[in-house]
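Chain IDs A, B, C and D follow the sequence of writing; residue 1 opens each chain.
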Amino acid sequence: MSDVFHIELKVRDYECDMQGVVNNANYQHYLEHARHEYLPLLGLDFARLTAEGVILVVKRIELDYHFPLRSGDSFTVSCRPERISPLRFGFHQQIHRLADNKLIVDARVVATAINRQGRPFLPPEIDKAFA
Amino acid sequence: MSDVFHIELKVRDYECDMQGVVNNANYQHYLEHARHEYLPLLGLDFARLTAEGVILVVKRIELDYHFPLRSGDSFTVSCRPERISPLRFGFHQQIHRLADNKLIVDARVVATAINRQGRPFLPPEIDKAFA
Amino acid sequence: MSDVFHIELKVRDYECDMQGVVNNANYQHYLEHARHEYLPLLGLDFARLTAEGVILVVKRIELDYHFPLRSGDSFTVSCRPERISPLRFGFHQQIHRLADNKLIVDARVVATAINRQGRPFLPPEIDKAFA
Amino acid sequence: MSDVFHIELKVRDYECDMQGVVNNANYQHYLEHARHEYLPLLGLDFARLTAEGVILVVKRIELDYHFPLRSGDSFTVSCRPERISPLRFGFHQQIHRLADNKLIVDARVVATAINRQGRPFLPPEIDKAFA
């Protein structure tokens, strides 16, 4: 597990919908935030890359919803990098409820990067980070 | 195409992130909204079912991101019902940019329903709607 | 009423929180979307201005919440332009439930524009639009 | 300052819009989250009150936007309780950037509580908390 990055968050009530649980789309927000917090540790800066015209693009997400988070729940979001192909990299991510380590969401994210011309382009620092 | 339900929406600027495109999680909002608009046509009322203790639950989503929506874009969100198993139903959903019918997102959603005890339970009206 | 711009929207279920009503912050989204839809009619393009380094900035918002919107409600968002000072312009905005014209939110928005150096700067087209 | 409650948060990139700064409505989310984190310290449980039919309702918000938060910024959200009238209570809230204590947003929130019949009703624990 030493190669897995984690962040710890707490449910905000506005993220819950009228079913009283976190709305499905918000888990994607949690996953994205964990990835963006992880990128600097890989030597990557999302905001700087964006400003430089290198757009990190998610191509595919698979989300398995195992159990819902509720108001007051704290949870962890993990991020395990995966190299998928010469032009694609990805992450295996999981969300666990902190109190009992219950699996909440299991996700696979496939990403690439494109340049200002919209062409796939993996900058050397991404190529190296996902070697 | 006669069995496919569509809604038409327009990008709201707050849905765009600093890359200038709609943030990935918001597509999931669009897809959910289309499903909830579709449910009444199937004889189902999401808010009423929730109040009655029948919780519709998304178990899995697969999203393929083909092209991003931007500020000002209008788009359609489609919804094609699919029966997956005795206790599971689903939707094949697509988002197209209205101006040129370009495919934006292609998604498959697998859902079930649970009762107040958290047990999978497909009410007769859902069973019938996804026959 | 001829000088008031309106848009018509419908509540999306993910905008409702566990109280079963639209979450307070989402009304601010509705108001912003109405303003951004209105700007082109005043000859202003929010995305283009942003790209050109002219940042429209909200300085103050006052929101009076009169009655909540719920799942399924359709509503209008109005936008009445107001000139406040040489460097400030604003909007009086109201949200009404469509079914019975009930007042939902009454809001006043004060805005300005700043240039790339962060200095208040009202481009001629804004000055003219809010004359 | 001893009577002021604070929470510390960090900007999530999806909260930023195409101007590269946190979207205005998201500050309201931050303020709400701080209030909800504060309520238990006052002996109040938002989710439980909601379940019991006591709905805490924001009647008015005034937000002064002083300076925007950006990607990567950490910040504090404060919460100072204020009693406004027999049936109304409120909060003076401020958001400061953590790095330099710069004031970002200054807000006043006026709230009340209503019962299942929609009548204003301040439960004894709220009355006491805002004595």
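List of remarks:
The rule is short, and it goes like this: a residue touches a chain if its C-beta (ideal position, glycine included) is under 8 Å from a C-beta of that chain, and two chains touch if they have at least 3 such contacts.
All values derive from a computational prediction rather than experimental measurement.
Seen from the Cα centre of subunit D, the chain whose own Cα centre is farthest off is B.
Counted by C-beta pairs in contact, the busier of C-D and B-C is C-D.
Here the CA centre of subunit A is 32 Å from the CA centre of subunit C.
Averaged C-alpha coordinates give centres for subunit C and subunit D that are 22 Å from one another. Taking each chain's centre as the mean of its C-alpha atoms, subunit B lies 28 Å from subunit C. In subunit B, 13-14, 18-20, 23, 25, 29, 32, 47, 71 are the positions where the chain touches two or more neighbouring chains simultaneously. Here subunit C touches subunit D in the complex through residues 18-19, 23-26, 28-29, 32, 47, 50, 55, 57-65, 68, going by the rule given at the top.
Residues of subunit A that touch subunit D in their complex: 12-14, 20, 29, 32-33, 36, 46-47, 70-72.
Interface residues of subunit C facing subunit A in the complex, by the touch rule stated above, are 13-14, 16-20, 23, 25, 71.
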